[in-house]
Every structure is written in C-alpha cells, then in structure tokens.
Amino acid sequence: MSETFWKSSLSSVEENKILIRGYRVQDLMERCSFGDMVYLTFKGELPKGREGAVLEMIFISSTDHSFLAPSIDATRFAASGGTPLQASVAAGVIALGEHHGGAIEQSAKLLQESVPAGRGAAEIVKGYKERKQRIPGMGHPIHSKDPRTLKLVSTVREWNMVGPHLTLAEAIAAELKQPLNIDGSIAGIISDMGIPWQYGKAFFIIPRVVGLSAHAVEETTRERPFRVVRREDISYDGPPERDMP
Amino acid sequence: MSETFWKSSLSSVEENKILIRGYRVQDLMERCSFGDMVYLTFKGELPKGREGAVLEMIFISSTDHSFLAPSIDATRFAASGGTPLQASVAAGVIALGEHHGGAIEQSAKLLQESVPAGRGAAEIVKGYKERKQRIPGMGHPIHSKDPRTLKLVSTVREWNMVGPHLTLAEAIAAELKQPLNIDGSIAGIISDMGIPWQYGKAFFIIPRVVGLSAHAVEETTRERPFRVVRREDISYDGPPERDMP
Amino acid sequence: MSETFWKSSLSSVEENKILIRGYRVQDLMERCSFGDMVYLTFKGELPKGREGAVLEMIFISSTDHSFLAPSIDATRFAASGGTPLQASVAAGVIALGEHHGGAIEQSAKLLQESVPAGRGAAEIVKGYKERKQRIPGMGHPIHSKDPRTLKLVSTVREWNMVGPHLTLAEAIAAELKQPLNIDGSIAGIISDMGIPWQYGKAFFIIPRVVGLSAHAVEETTRERPFRVVRREDISYDGPPERDMP
Amino acid sequence: MSETFWKSSLSSVEENKILIRGYRVQDLMERCSFGDMVYLTFKGELPKGREGAVLEMIFISSTDHSFLAPSIDATRFAASGGTPLQASVAAGVIALGEHHGGAIEQSAKLLQESVPAGRGAAEIVKGYKERKQRIPGMGHPIHSKDPRTLKLVSTVREWNMVGPHLTLAEAIAAELKQPLNIDGSIAGIISDMGIPWQYGKAFFIIPRVVGLSAHAVEETTRERPFRVVRREDISYDGPPERDMP
C-alpha cells in the first residue's frame, strides 16, 4: 500500500478525540503539569520522577532577558512596524540562532556524543583548543555567577537527578576554569533525561515566546509606531556622495 | 532628562541579577509553576489563587493538533527545506493568524468590551447577525463536543473561578445554539483573570511552539529533505501554454 | 470530479517545462525585464507599454533606508543571533506591517474604491477628518521633498502614464497640504496599472529583500555575533526588586 | 572616539537625500535597471558590462515553481491562517534553507575556494566521493534538461561572460555525468562576477518573493480560510489510545 503524504507519531485527531502520544488530551489536562507535557511530547513517555518540575524550572529561567538579547530587540522592531502579535513573536524566534540559545543544541550534541564514547573533559578541552574553537555552554558575557544556572544545578543535585552528561559539562567547565552557563546546564540536564540533542533549542524557544509576547504587547500599547533609531547612533563608512559614471 | 531609547516595565538585568516584574528569577524558579510565571509576566503580579494551574491546563490543551492545523503544515514544509529548528518553528508561528488561534484575541476583545458596557448575549448576537459577521470563539469544523473545552470549563466551574466574561461567552453560545469552542473558552477564562485581550494569541503561541518543535524535529529526522507535493494533488487553471507576443 | 488539494492559475511545472501564466520561462528570460515579469505574475498578462520600466524604478527606490527602518534593524538583530541568511531576511520582512510599507496597500485600497465610486479629494479628506483618521500615503517623518517620490511621479507624467488613481492621490495631498509620500505615489501608479490593492505590500517587499540581504551579510561578516544593546540606552520602570510573598 | 551602535557601508539617509553606495537614489532610478541595482548593492560598484541583464535573467528564472517547492506550500498554509501578506511571504522565505536554494551558497563557496587554490573538477569530485557527500549544484529531481539552466548558460556564453567559476562548475558536472542545475549555474555566474558566496541565497530569495506574494494573494482571495489537510493523507504511527498510568 502506498504511503500517506503526512505521517506522525506525535498526535492523532478524530472528531471529539485528540491523542498526544496515545493519551487523551483531557486526561493530560487533568493530571499533568506543562513540564510533564513537554517531556511526553519530546520523549514519547510520561516522566517517572520530577523531570516535569525541572523542565518548568528551566522554562521559568529563560522567559526574558530585557533588551540584552537580540531576540527581544528583533521582536520590538517588528512590532513597531505594525504587525500582528504572532508575526512579531516569530521575528524574535528567528533570532534564536547559533549564538543565541543555539549553544543548548551544540552542547547537548557534544555531551551526547562524548558520554557513550567515554571521552573525558581533559580530552574534549584539548581537542577544542587544538582546533581553536569555543566549547559551547561555557562562560557568559554578563553573568559571572549566573543565578539561573546556580539554582538549576543545585536543584537537580538536591533531587539526585545529576547524571553523566551534567557531570561531564561541569568537568569541562572546571577544566576550562570558566563557569558553566545557562545553555550548558540546560544541555546537561536534558541530556541526562534522554532527550535527543536535536530538541535543544526548543528549551529556549518555549519560554522565550512568553517574554517576546509581552515585549510585543508593550511595544504596541506603550510606544509610538515605527521605532526610529537616533541619527547619532548611526555612522556610514561607504563611499561619499558621487555622480553616476 | 532625555528618554532612553529602550524602556520596559517587564524585566531588568544587571550582572548576576535578573528581575522579572521585580522578582529575582531564582526565587521564581524555586517557588512558581510555569503557569504562575506567565500570569506574572502578563499581569505584573503573582496569582493569588489557582490561576497558574488553569493556565497550565490551557497550555496542555493546545500543543498540537496533528496536520489538521495550517501552523503544523507550514513548519513541516519549512523544516523540509533545511532550516534550523527555531526558523522552522517561526514559520508555523506566523500561521497563527486571524483564522487560526486569532479568535482568542477577537473573542477576548468582544467580552472585555461587552461586560463593562452591560451588553448581553441577545444584543451581541443580534448585532453580529445584522452585520452578517461570525462571532469569534463559537463552533468548530471538526469537534462538536471538544474535549479540551469541556475539561477546561468544567474545571474552572469546579474551582469557582467562573466570572462574568466566561458567563457571557457561554450565554452567547447558548443564544447561537453552537458550542463554545476552545478559543472562546480560553478567551472567557483569561478575561475573567483580568488579562488584556491584546495578549490573547499568546495563549495559543506558547503551547503551540511545543508541537511545532516536535513536528520540525520529526520532519528533519524521519523524512527525506525537500518535501514534494504529489502531481495528482495539483491542478492548474491559468492560460494554456502560449508563445510570447 | 473531486477538486485537487492545490489549485493555481499562476504557474505550472512538468519535466523540463516551467510555465508562468502560460509563457515558457526560457522565453520570458530571453525577452522580459524583471519589471515585466512582476507585472505578468500579478496581472496575468504582459505589459503593453512601459509598465515594466516603471516597476523597476519603484523597486530601485525602495531597496534600503539605512537603519531608519524597523525592517533593517530587525534583520540586523536576527542575523547577529547566528541565523542563516534567508531567516534573517524573513525577520525583516515580517516588520513590513501596517506602519512600514503597509500604507501602499491601504492607499491603493482607498484609491481603487474611490475612483469607481466617483469620490473626490475633498469628500475623502472630510471623511477621514471626521473619523479622526490619518489618510495613508501622505507626509513623511524625514523627507519633506522625497527624492524618490519626485522622480517617480515626474517620470510617469513624462511618459504619459498618469491615470485617475495617481491624479486622485495628488489631489488628496494638495487638499491636505501635505506631500504625497513614496507609499502613496506607488499606490497611485500600481492602481493606474490595474493591479489589485491586495498586492500593495509586495511592491515594498520585493525591493526591500535586496537591502535586507545586504544588511544581513554585513552584520554577519563585519560585526561581532550577538549584538548587545548599551546599558545606558535601557531604562526600567517596573516594580523595584522585591521578595516573593 | 567611541563607535556608534550602528555602522554600515551600504546606504546613508539624510533629509531629502538617500544614497546607496554613494549614489543618489533618484539618479539610480533614472539610469539603472533593477539588476544593476542589485549588483551595486552587493558589490559596491556599478556593473561595467551586461551583469545587470544577467542578474535580471536569473531573477526571472526563479520567481515560482508551482507547489513543487516547500517555500510555496509554507506560504500558502501561513496565508490560510489569516496573516498579512508580508508575514505569509516571510514563512515561505524561511523555507529557503540548505535543501531549497541553499545550494547556490554552498556551490558558490566551493567554486570561490577551489578556483584560487587551483583545484580541478577531478580532484573535487574525488574528495566528495571519498567523504560520501553530494556536490552542491548538480542534478535535479524533476528536470533532466532544465530550461532555466540551458537559457542562462547559453546566454552568458553568447555574451562572452563565462569565467573560471562557471567553467569549473561545468567541468564538475561533466565529471559527475550529471547536469549542472539552476543553483549551480547561478553560483558559477555570480562567482564570475566577483560576488561573495555569502550572498548566494539572496539570488533565490529576491525572485522567489514575487511568486510567494502572488501565491499568498491567490490563497487569500480564491480559497476558504484555514486550509485543512484531507484525513486520508494522514497516518499516525505512534502508540494506540491508552490510559494514563
């Protein structure tokens, strides 16, 4: 028999019945937290321990970072152009690239490849140094002792949920003498939960749309339309005014 | 003194200190649910009752709807073109327009304008009928008894959280002899919480990025790149092949 | 017979044959300008006069406007987050909303509804003033004598291509004692060509992706990743730091 | 002196004066084609020969490809959700990733690195085969003799504009016994013009927004809102309906 055009293992919908990974949506609404729901969606099974609570903690850590995040600024400019909420939020989501949350994916990939291969922190650090590359998930331009990372790591330690991936991430940070940052700590934790690295950026996208939505509404309801940059903040270093040949 | 270029009441960031609506992020991580966090972000104050739990229930209701949602399909096509996760998700978020989740905003606006003005269901229905417009938040193309709506409304009723906006939404549905749909019930509930209608679409964007992320990963990891529509699904009704004049 | 899922009058593709509005793409490549091609795509027929040249002139007018355009800034921030070119450009395209190029659509709609109804400038201006609305396509925050508008309008006048829509737009500007702006002049010209107002924003999207692409490449190749706003440009007016209840 | 926050060599704007790469916009409008304008924007100087005409030919080749392109389908679904034109177009632009137009960038990078290094076709093909990678810009799933490529390559040959990059691209194709595709031929041509490979995708984005705009308008004006996929086109291969533990 020929294949259908669309195929998914994630959900199914019939009249008056919505199943997510086989569970009825109304049952999930009654008995899950949002963190549990994300775990179920990405892993295919409900968590057996406090994973859902940890995920909620991750999400609470990353909703907003004031204007010190390109995603927030991109959404503000898009909203000021007069676009509907979802499109302004999408402009900010686009900005969550390799340098802005992307380290969760990169770090999770590194950890998920290194742990089964038995590669330790010293070997990993040596390899990156030889290739003159930055190890993802380490250091922060603003926060030397990031309160988000400290809370997250101390909680999973207290709850006995530290596994080999977070352990390796911490060892790499110690080897580098840099603090583990929020991306690296999230990467270690979701890897210990068995979530594939391909989902890494999602753990930043999900909370950040909360902040992006609020910034878009604030821009639209408190500011004048069409945000104009100040002239003194602009310089031009191209050719001077000239006639066409 | 001159105004700064950027201004916000939502959050502030200094070295090793992140405040959301004045609260330290690590305190919120320790003591809030994700639902509480969204309530705080949008309203400016922490919930006093079970509002956070209701918001989590709303979010769990709307993460995914299989391919029967343009947002999911848009993300699938974008992902198949070979784009990173956040950009594929953004393509789906863009699709959450006036006909696709937009009814939350429209319905919340209607309810928030009608309740203080004392307009009742009969008057509202009469007005829409005269203008030959559809009332947002009523009826569903697939679900005659939507399990999401039933669970949501029965829970807020059980928890004594029904206020004048949800009451009005239900009265409109009764007047129309159509079921209140998921958009209309969310609109009534967030309006009773005092959340401005401008945030309406956010209650669909926040959960839907969970499903969009999972569909993007599934497309990328299970399917061939560059999803090609079947020829027999396409028809062309423009001019036949012709020579240039 | 049942309908196919997809239907279009725009183009058809078979093995080694691509037709746009019935014409073979290789014939169009040989004998059209890009302006002719856009006209054909939107109208369904090739231009009979200099319409293609006028459209190219419109496109050349609107590729870039330095940082004094929210679209450019949104793309710059998205690119600095580390996203691929097409996604950074998309973030800027999203910003082309009601207040940023959207006036082409609004103005074209006004002109295309007013001309057949025989409504003149005085009546239109009176109506907008009574409703306290701004007429789209008039005035500019920076340019009192916009060189783009002057060149565009003088050219179509010289080429005898002024029709009733541009005439009405100019009459409205005269009535208001404001200059016709670039949006309003484009709206008048494409309306005189018989292009439906629904295409209005496309005349800004098409050229602007040129500038957005160049700004994205410049950001990526000349600037440091993760563009960080200066602290002194930010102010916070939310609640002061506080303990949780 | 401190640096300004924004810096660009692309354009400058003052009251009533817009300069692109130093030239007054009204002069460019009078004397350039759109192709010349793109060349100027990306290269910094006006073309001395027929480069602008070749770029227009490239743009005409790639405006649309019916539904057999994920970008078109993504825009159609986004438009059906009820989003404004620019946001629907942006959803399609996002889809122009590594597998969908991205080969222009990849192929241009390969050619621009190989030509100065003196690497020939045989060596390049050998390297890719050893690494089991596909060489970008070669072969097409639908077109064995792509009319776009044939016209483009024959024109630059006729106009004596073939340089070492297109020559190398053709040699690689001959070595592989696969046809050079539209991406590879564009890559060769823009590389021979000296345009950096980082701009590669722009040569697909610029024309494709024409087709995306037309498809968005057609979806909005001819189709019912909220495009719903047929049930028989969907299959679900996740867990069967189950009770929560």
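Going by the order they are written in, the chains are A, B, C and D; count residues from 1 in each one.
As a working rule, a residue touches a chain if its C-beta (ideal position, glycine included) is under 8 Å from a C-beta of that chain, and two chains touch if they have at least 3 such contacts.
Because the structure is predicted, anything quoted here is derived from the model rather than measured.
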item: Taking each chain's C-alpha mean as its centre, the one farthest from chain C; value: A
item: Same or different residue numbers at the chain A/chain D copy interface, by half rule; value: same
item: Rounded Å distance between chain A and chain B, as computed from the means of their C-alpha atoms; value: 21
item: Centroid spacing, where centroids are CA-atom means, of chain B and chain C in whole angstrom; value: 29
item: Chain B and chain D, separation of their C-alpha mean positions in angstrom; value: 34
item: Two or more partner chains touched - positions in chain A; value: 5-12, 17, 24, 28, 66-68, 73, 83-84, 86-87, 90-91, 94-98, 101-102, 229, 233-234, 236
item: Chain D-touching residues of chain C, taken from the complex the two chains share; value: 5-13, 15-18, 20, 24-26, 28-30, 32-35, 37-38, 41-42, 56-57, 59-61, 63-68, 76, 84-87, 89-91, 93-98, 101-102, 105, 142-148, 150-152, 155, 196, 198-202, 205-207, 209-211, 213-215, 217-218, 220-222, 229-230, 233
item: Partner chain C, residues of chain B touching it in the complex; value: 3-12, 17, 19, 21-24, 27-28, 31, 44, 46, 83-84, 86-87, 90, 94, 229, 232-245
item: Residue numbers on chain D that touch chain B, as the complex places them; value: 66-68, 70-71, 73-74, 77-78, 80-84, 87-88, 90-91, 94-102, 141, 225-229, 233-234, 236
